[in-house]
Amino acid sequence: MSQLMMAEITGCQETGPGVWVTELLAPSLAQAAVPGQFIHIRCGEDSDPLLRRPISIHAVCRQSGLVKIMFQVVGKGTAWLAGRRDGWLDIMGPLGRGFTMLTAEKTGTAAVPRLVVGGGIGAAPLYFLLQELAGTGYAEHVKVLLGARNAEQLLIHNAVKLLGFSVSVATDDGSAGYQGPVTDLLAEELQCKPGYVYACGPAPMLKTLCGMLHNAGVPGEVSVEERMACGVGACLSCVCRVKDAGGLETFRHACVDGPVFAAGEVVW
Amino acid sequence: MSQLMMAEITGCQETGPGVWVTELLAPSLAQAAVPGQFIHIRCGEDSDPLLRRPISIHAVCRQSGLVKIMFQVVGKGTAWLAGRRDGWLDIMGPLGRGFTMLTAEKTGTAAVPRLVVGGGIGAAPLYFLLQELAGTGYAEHVKVLLGARNAEQLLIHNAVKLLGFSVSVATDDGSAGYQGPVTDLLAEELQCKPGYVYACGPAPMLKTLCGMLHNAGVPGEVSVEERMACGVGACLSCVCRVKDAGGLETFRHACVDGPVFAAGEVVW
Amino acid sequence: MNTSVDLGGIVMKNPVTTASGTFGFGLEYQTYVDLQRLGAITVKGTTLKPRQGNPPPRIAETPSGMLNAIGLQNPGVERVAEEIMPQLAALGVPVIINIAGDTLEDYAQVARRLDGVTGVAGLEVNISCPNVKKGGIQFGSNPVTASEVTRAVKSVTGLPVIVKLSPNVTDLVAMAEAVAGAGADALSMINTLVGIAIDVDRRRPVLGNITGGLSGPAIRPVAVRAVWQVHRALPLIPILGMGGIMTARDALEFILAGATAVAVGTGNFVNPRATLDVVDGIEQYMKEHGFNEISELVGLAQRDTTRSDE
Amino acid sequence: MNTSVDLGGIVMKNPVTTASGTFGFGLEYQTYVDLQRLGAITVKGTTLKPRQGNPPPRIAETPSGMLNAIGLQNPGVERVAEEIMPQLAALGVPVIINIAGDTLEDYAQVARRLDGVTGVAGLEVNISCPNVKKGGIQFGSNPVTASEVTRAVKSVTGLPVIVKLSPNVTDLVAMAEAVAGAGADALSMINTLVGIAIDVDRRRPVLGNITGGLSGPAIRPVAVRAVWQVHRALPLIPILGMGGIMTARDALEFILAGATAVAVGTGNFVNPRATLDVVDGIEQYMKEHGFNEISELVGLAQRDTTRSDE
C-alpha cells in the first residue's frame, strides 16, 4: 500500500551526463513496490516548484530496504533533486500499476520469451523489471534492447549484463552498437516472435513500437509519461487516451490505471 | 559603488540559537562598505522566496576581502540562507547610507564620547561599526551596551571585548548582566552626556531610545528595518516616516536615505 | 475548544473541507487521510450526464501555481448518487456535492436528483468553471444569470446551497449580492483565475484546452481579498474560503478575513495530509492565542480597519 | 537579425522595456544596467501634483509574487519634465511616461505638460492602478470611462498613447475594444491583480493600505492569457505585455501570445539585470530557432490553434 513518508537519502551520484541515481532507505516501499511503479517526490519546501515529481522506481533491495531512482535533470524539480546528497526526501509511493509479471499460472508456461526495450532515460524502470525477471529463473528467455543518443548516454546496460541478460544496443550516432533507432533492433527481434514485450522510452519510440507490435501480433506493455498533479487518481489530470477491445476511445489515468498500459490499448 | 555579484561562501556557522554567521569572499564589497550598509541577497533560484533579503554587513576584513553577515532565521529566506554551507551567493551591495563616522574634522574633536547600543540581532551591524571605531584609536571613548532576551541569545559581546571596548549587558531574564531592557542602561549612561549614540535593534527599543535622546538632547543615529523590494530606491516600498527640522513629516527610503537615520528625524 | 461551524446549514465539526476537483470523491485519499477527521468532504464537479473532459495535457505547472483544464470529467450524477454516495455516507462526514451544468435545467435536474440522497449535506453550485464553454463561468460572470441558477437550484432542493463564485469579474460584491438575494445559503470563493501557459520550444499553448484555471499559493492574495471584500459587504452570509491554502496559517488568513470555513485544493497534491495539518494547526493556534470559539476569529482582521483612502 | 519593434509609434531597437513603478526613473538602476541597451524606459506613474503615497508597510511578499501599495508616490509632472527628463533624454533611449490622475482633467493636464518635452517618446495611461481610491482602477473597470480618459489624453498630445489595462475586469476584450476605438495607439497589460495578505500573528492586514497589487511570476499565466485574448480579438493593435517576466523564456511566452513588446517589472527587484538578460535571451532564441525578424514571433502560438470547445 502506498504511503506518505520521509525517506532518508543514503546516496546520490551522477551516472551519466545529467543523469543521477539517488538511493533511499525506505523499507516499506522496498517491500511493496513492483516494477513499473513510481514514487511521487516533493522537490523543495517552498511553493516553487509546487507539484510533486513522479519518478519510477529504478532498483530495489528488499533485504536492506534500499530503493533507487534514476533521473535526468530536465527542469527545476529534477535539478533540485540532483542537489540532495543527504537528508530526507518527502515521497509518496509506491504508486501506479506496474508491469504484469507473467507467471506460470498466467501464461500456462512462464518460459515465454520476452523482450525488454528501453530508450534513453526510459531504461530507468526497466532495471527493476529485470531484477525481478532475473529472480524468476527464466533470464535466458529474456533479451534486452537499449537505445540512446550516444555511447555516453547509454544507461543500465552494464548493470543489466551483470544480472545475466543478453543486451543489444543502438545509438543514434553509432558510438555504441547499432547505429539507428532501437526500434530497428526490435524489428529484427520481432521476426523471432517473442512472447511478450516490455517497453519504456520517449513517446515517439513507444508509438512506433506499439505499431510494430500490433502488426506483428505480439502482446506487450509500455510505460507512458503524463503530467501529474495528485498521483492518486483524484485530480484527473494525467489522462492517457486508450481504446478498449471494441475500439471505443476513452481516457484512463496514468497514475492509477498506468503508467503501464497494454501496448495495444494506447491511442497515440 | 554597489555591484551585483556572485560571492563565494567561505564559511557558515551557527553562533547562537537560530543565529548564523556566513562569510563571503567579496573583495570589492569589503573595499567599498561602510558600517551600517547592507547587502541584498537572493535566496534561492526559483521564485519562492521571490524577493532579495536585506542583511547588514556584520564584519569586514579589507585585507583578505572577506565579509561576514550575521542573521537570525525567521522565515523561508533566512532558513534557505542558513542552509548554504558552500557555493556562491547572488548579492548586491554595499547598499544604503551607513553610520556617520565622526572624524576630527566633522566634530572639531574626534574624541567625543560615543555610545553604541544594540538589541537582539540588531547587534549585527554594530560589530562592523566597532571594528571601524577601534581603528580610529579612540576606543576608550566608546562604550557598548548590548541587550538580549537571555545570556544564550547575547550576541557579539565577547568579540567586542576582544576589540578592546568596555561592554555592559542587559537581559530580560537577568541571566547575564543587568535584568531589564538595555534602555535602562542607556538611561544611566545618558547622565554622563555622551557626545553621540549609535543604535540598532527592534523598533520598540529604538522608539524608546529616540525619545530618551531627544529628552537628553543627545544626538545619534539609528538603523531601521523596512520591507524592501529593489534595495536601490526604485520601487518606493521601504518608506520610513521622518520629520525635517521644521517638523514637516515626509517619507524617506530606508534603502537609499537609510537604513541609518538621525535619531531625531524618525517618526515612530 | 469549539471548532465547529455552521456553513449555511451544513454543520461541520471543524472548518476544513476539500476543494472540489482536487480530492476526487475522497476515497482516493483514504490511504493518506483519516477522512472522518474532516469537517466535510467536497467532491468533484458533477453533471447530469457523464463527461469525458478535455484532451491532454490537462495541467501545467506555473510559479507557485498550476493551470488545470480538466473539463469537468465525471461519471454523471446517477453514478455519483448510486455508487459513490453509499460509500461516502458510511463515513458519517458531511458531503458537499459540487454541481455544474450547461443550462439552468441541467443544474436543476442534478440538484433534484441529489435531494434526499443519504450523506449529501449540501450542494456547491459551480457557476465559475473556466474550463467548459457553456455553463460554468458564463453563468458566473453576470449577476442576473447567477441569481437565476441559484433560484433554479434552490427551488428544487431542501439542501443547503453554496454558490461558488468566480474571481474573473469586475465586481465580485455585486455577484455575491445577487446570489445571496436569490437565496444562496453560503458562498464559496474563489474558483480559479483564467490563465494560459505557452510552451516556448513548441510555440504552442501547453494545455490541450489552451486556457486553464490557475490555482495554488500564487492566487492566495486574490482569494483572501475576495473573501475580505464580500464579508465586508455581506457580513451575514457564511463564506467557504479557498485558493492556495497549504498550511493552517494560510487557512487562518481566510478565516481572519471573514471565511466561516476553508477548503484545501491544490495543497492536497503537494501534501496529501494538508487538510489534517490545517485542522490541527488551527486548533493549536487557538490554544496558543487563547481563543475558545472558532467564530471569534471569523473576520477578526477587519475589525477597526479602514482603508487609508476610505 | 532585426529585433526592432514599433509599439504604436514608439520605435524601440528591441522589444524590451521596464514596467512602470519598478524601475524608478531608470537612473536608480544605472549602476547595474547599461540603460542604452533597453528598447525603451518606462518610468514611475506621474501625476499633476507631487504625491506622498501610502503609509507603510507598502509591500508584502507572497508565493512567487508580491503585493504593493505604493500609492503613486511621485514628484509630480513638473519636476519630471524639468529635472528628470533632461537626464533621461541624454541617454537617447525612448522614454515612456506612465501618467495617472483623479479626474479626466488631471490626465489631460499631465499629458499636455509632457507634450513636446525632449526625450518623451510616448505616454502610458494608467487607468488601472488598484492602490489609489479615485482615478486609477475606477476608470479602468468601465469601457465608457476608459474611452473617455483615452480621448482626453489623445486630444491634447501628439505623442503615441498606450493605455494600460487592468486584469480585474470581467471582459478585458470589451475594455480593449473601447480604448482602441477611442484612439489608443497601443495597449499595455497587465497591471496588478488586487490582493490582500493577512498577518496571522497580528490579525491585521500586512499592508498599511490593506489591499495591494499582486505582481510577479505568480500572475504570469493570467497576463499571458490577457495578451492572448486581446491579440486574438484585436490583432492590429500593438500590445506591451507584462506580468511576471523574469527571463527571456517568460518574455517569449508573451510575444508568442501576441505582444509586440514586453516589460520587466518585479523581475528587476530579483535580478537587476533581468531586462538585459531578456534582450540577450530573445536574440539567442531567434538565432537558435532561425528567426530573422522579431515580428515573425508575435502571436505565433495562436496560429492554427482553436480551443477544443470553440
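When the chains are written out, they are named A, B, C and D in that same order, and each has its own residue count from 1.
We adopt the following convention: a contact is a pair of C-beta atoms (placed from the backbone, for glycine too) under 8 Å apart; a residue touches a chain by one contact, two chains touch by 3 or more.
Here the structure is a predicted model, which is why all the values come from computation and not from measurement.
S.K.: Give the label of the chain whose average Cα location is farthest from that of chain A.
M.R.: B
S.K.: How many angstrom between the C-alpha centroids of chain D and chain B?
M.R.: Here the centre of chain D sits 37 Å away from the centre of chain B.
S.K.: Roughly how far is chain A from chain B, going centre to centre by Cα mean, in whole Å?
M.R.: That pair's centroid distance is 55 Å.
S.K.: Let me have the rounded angstrom distance from the C-alpha centre of chain C over to the C-alpha centre of chain D, please.
M.R.: It comes to 33 Å between the two C-alpha centres.
S.K.: Would you mind listing the residues of chain A that make contact with two or more other chains?
M.R.: 46-49
S.K.: If a residue has to touch 2 or more other chains to count, which residues of chain D qualify?
M.R.: Residue numbers touching two or more other chains: 55, 60, 63-65, 216-218.
S.K.: Which word fits how the chains touch one another: line, ring, star, complete or other?
M.R.: It is complete, because no pair of chains fails to touch.
S.K.: Show which residues of chain A lie in contact with chain C when the two form their complex.
M.R.: 1-4, 42, 47-52, 92, 226-241, 250-251, 256
S.K.: Considering only the defined contacts, which chain D positions touch chain B in the complex?
M.R.: 21-24, 28-29, 31-32, 44, 52-53, 55-61, 63-66, 68, 70, 73, 216-218, 246, 266, 268-273
S.K.: Where on chain C does chain B make contact in their complex?
M.R.: 63-64, 217
S.K.: Going by the contact rule at the top, pick out the chain B residues touching chain A in the complex.
M.R.: By the definition above, chain B touches chain A via 44-49, 76.
S.K.: Can you check the complex and tell me which residues of chain D touch chain C?
M.R.: These residues of chain D touch chain C: 54-55, 60, 62-65, 67, 71, 132-134, 141, 168-171, 193-198, 200, 203-205, 208-212, 214, 216-222, 224-225, 228, 244, 249, 252-253, 256-257, 285, 300-301, 305, 307-310.
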